[in-house]
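Down below is the structure, laid out as structure tokens.
Per-chain residue numbering starts at 1, and chain names A, B, C and D are given in the order in which the chains are listed.
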């Protein structure tokens, strides 16, 4: 199997370090560089001491990174910054896996509406492929620009897309009540991210129709057949490091058994979707540290909504794990390499 | 102010020890006894070392407790056991504050349906008063049997009852997605309650229409004006000790502002309900260790449900705090004594 | 009982908010002001939403605070800043309770050596009283400047002072292995204080002879009779919010039983020291939320050190609780007011 | 490379499930069986849902397990039970890796003194090899009975053995203050293991000279050259799942730099010992999820002890990881297989 060399932009955030850990287990992907604006010049293992003797590579500046010849670049930069910095790489023909939201939204105006900024390179939006292997595997294989899905979005869309494909016309409302670990808020210094503030606490934020992941959820569910559905989405912050559990209430989809069957059938061949029984609901412990999305459902009938419960590790299937899964597809490796 | 003497049955569970801590701050309530089947003969502070020099009283057996003359008995026993043991006390005319579910449900058949057991003394169900001070204050004042509400139920019903009273006919569905700390599952030895199992975990259980608190939620919301509403209720387990946050989706109730105004007006004089602004949602940290219920709401309009967020400390406003608030009302003390 | 009015400088840190909570329960101390440089103009309950309807007072700037007539000022400011800002208040004759280290060290040169800065007002060091009620109660009663002890120091010195008073000549070495909750590091934005960094983690820092609390430990133990003892002190960071547990190894002090007896006798009348049995060692849960210091000891004999275990709540007996205890003594209130 | 088949006795405890996860990544070790008395008949993934589709093998009873032909058996049973059940396997010539304490102590009387029970097969104690690869690699390679070291012991002995080998005569005292995550107490139902009891708590237990791991610590340090040293050992319980950090105070060993150099030299070729700088002390986060032991040291001089800090994952280097490392040596695989 041919080997590739990869670079990571924004390597010192939580998704960056997770990618490094995964790539170090990959037999065919060599680390070309790890880059960081603020830590350039330091060893990666100085920033993350747990990686001593695993990744002692020196971090380089983004400017230096752009000059390095690699086969694939993962961008773990924030939105807007990410597309801006990737632009010259795209022009050079390097394959990009962007973990930010920049290439997820097909419509530049929609992007601006949700992200409050002009898109740095709207001309490439059409070219970008939405990186959900379960639904875009063929396009991913040949993509130059891969838009890795959001963490919440992954947990919500994986169960819903097959459902909308089969029952899009019948479904009348969707409420996604999601709970995420604190690593989802990133490694930047914010009062609400302090241990003393988040520990022994639980809170809702950006609930209703305000969280940015709704942009991609709206887009992808519409493509799956959603008709005039504006998903109600309530993110919450859990006092733990990693994991997302979404409790999703679907009205109009009939009974849970039927919905479960539709989802099970859609994902029968998928290596990273595990269906659970209604009496054995997914948990965060069940997926933390793995690239799995666990899904189950219960309820429905007697006017009750079907209740879907899905769980992922927000840093793996919700970010770096899915990104590596996409890389495996893009470069022809076994899709589960370094992920099981 | 006249003093009273109180006893506690089942004092070595989490609600029992919480009651002891509150009562120790009460200037007019003397501890007559603390009782426990399994720890009888030990000092209370041997079971809960943090209470050394605060409550070193010896625990007595339930049999011995029944003989003790007191003005008021708190029962922290499990359902069925509680009503059974309280029966002779009721017959003696002692005032009972029952923290179990035994006297909450007016209809004995409904009780049996949800709790899978015959009610030990259905003849007293009519006499019992549902102990939600905000709605039954006058009846509480003279009650002999006080049925203290459930923890989840309190967090769900406090915001919903005023809403149903005003808009009962318009509301078409209610989904309550609730998250509770582990103390809500009690102090008994269960694998799922082990630290290693619950830490870094988050899970749903008994979701849909299966959790027993639905019995009292159905009953009280019907009394408030709910018409053919079967609340969808999804409890979840949070990796923290105390606190419940409920995210409640109400369809048909109009806009959040209007709903908030209705709730605010209903509770304007209430000492333990705090209304928050839509941009300042309740959190568990905001209520832990207090007897407050914090409430806010957002959303509604454009086909979106109103989203109500409420938070309580499950051991205080959700159990022992509310029980003491009820005791204060029953015996004519200032309602906030030992609670603020 | 005469009432007093108090002000708090630096009220928006963790010791400040804790003081506010305590003072709100005090029947004789009215809140004159809460002050903060960064949050001036905001309501206190906007910064700490859990205090809504408990303390909605507006925060004022330090400049404005200096003009306010009050009987007593608590300074929760950082070292150096604290003495500097308190200087005009001292000159006005206002009684000061300083929670920083500024007035703890009698020798200005020693202060400079440990705190790497000139003391802002060395002329007042003599006048300041070290605020450990168990050992300086009489001086505290009349103090104008009260130096509230450090959190680690309190947990270490409370058991050691009586021991050194009786056996100072015999003790040959002391090792204090201390573990503190994250609130001890303050509310400022540091990477190591982020939830994701501190959760599921445990680490040592400033171990050996480098932590600043050694300045006051050295000073006070010398006064108690320590001869040529340089305590080895190893602080560690626990993944919890509040509490300190110190495991202290004392060589040369004989057997645990004898040591325990000496400590027990010294503190027989103390309201906030609880002696525990060797088989019932102090725990953080046992003191969190209280102003107690729990102490026990085991070991000794056969060349083994006596092992003392002590536990306090770092924000209460280790800071704001002890500060209020000192205020009670200074103004003639019952020492336990608002603390039990 | 030849493949082997392995069995696991007591597979449903925390060390058992950890072993299964490791073995599933091993290219040459096939799972022959997983055995459990209490869960026999269930699928492994029913007991540990996170392993669905990873290990769905059915658990068999110990009796059935004894009949199964395998190359190697890991025993994760409790002490006494372990040796008893392994006896027939030993007699059959099967190679045993025992994670219990049963084969660690060479002297049957010492075993009985610490473990309060007769040894089930003292005749095999001589034959057993203490499974610390860094010191017994050659004997491990040919061992039939492998005694896997205890978790605390590993964290304490790894830094101390080289030190005693070089400076055994000079060292006059050792105090090991160790802190372990809750998984170290096992998966059995105990009040102190409940989430609500252990969360937000920290406590010492079995301190001084009472914890059973002292039996193997005494034995191995004596072999390394300790002269009349009775290590003082204080275990503590941390509110996290996995990890041990030991802070070890050594008197008489000179300066930290010298000690670090001795340890560094001893482990220069070791794949699972990482030396850290004095200003970069080991942390639990730095080793959790890995088979590394991180070691650093500071202090010494001026009458101060050298302070060694070591950290391991108690379930990996402290149990199942080290067990697999031993298996790799015993069967001639690369020592790091499935461990990096």
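Going forward, contacts are C-beta pairs under 8 Å (C-beta built on N, C-alpha and C of every residue); 3 or more make two chains touch, one makes a residue touch a chain.
Nothing here was measured: the structure is a model prediction, and the numbers come from that model.
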item: Selected pair, greater C-beta contact count between C-D and B-C; value: C-D
item: Most distant chain from chain D, judged by the mean position of its C-alpha atoms; value: B
item: Interchain centroid distance [CA atoms averaged], chain B/chain C, Å; value: 37
item: Distance from chain D to chain B - Cα centre to Cα centre, in angstrom; value: 46
item: Centre distance in Å when chain C and chain D are each reduced to the mean of their C-alpha atoms; value: 39
item: Interface hub residues of chain A, defined as touching at least two other chains; value: 197, 199-200, 239-241, 283, 285, 288
item: Chain B residues within the chain D interface of the complex; value: 14, 182-183, 187, 189-191, 193-200, 239-241
item: Complex contact set, residues of chain D against chain A; value: 49-50, 52-54, 200, 274, 276, 280, 283, 285-290, 294, 340
item: Residues of chain A touching chain B in the complex; value: 173, 175, 177, 179, 197, 199-205, 207-209, 230, 232, 234, 236, 238-241, 243, 245, 247, 249, 251, 281-285, 288, 298-299, 302-305, 307, 309
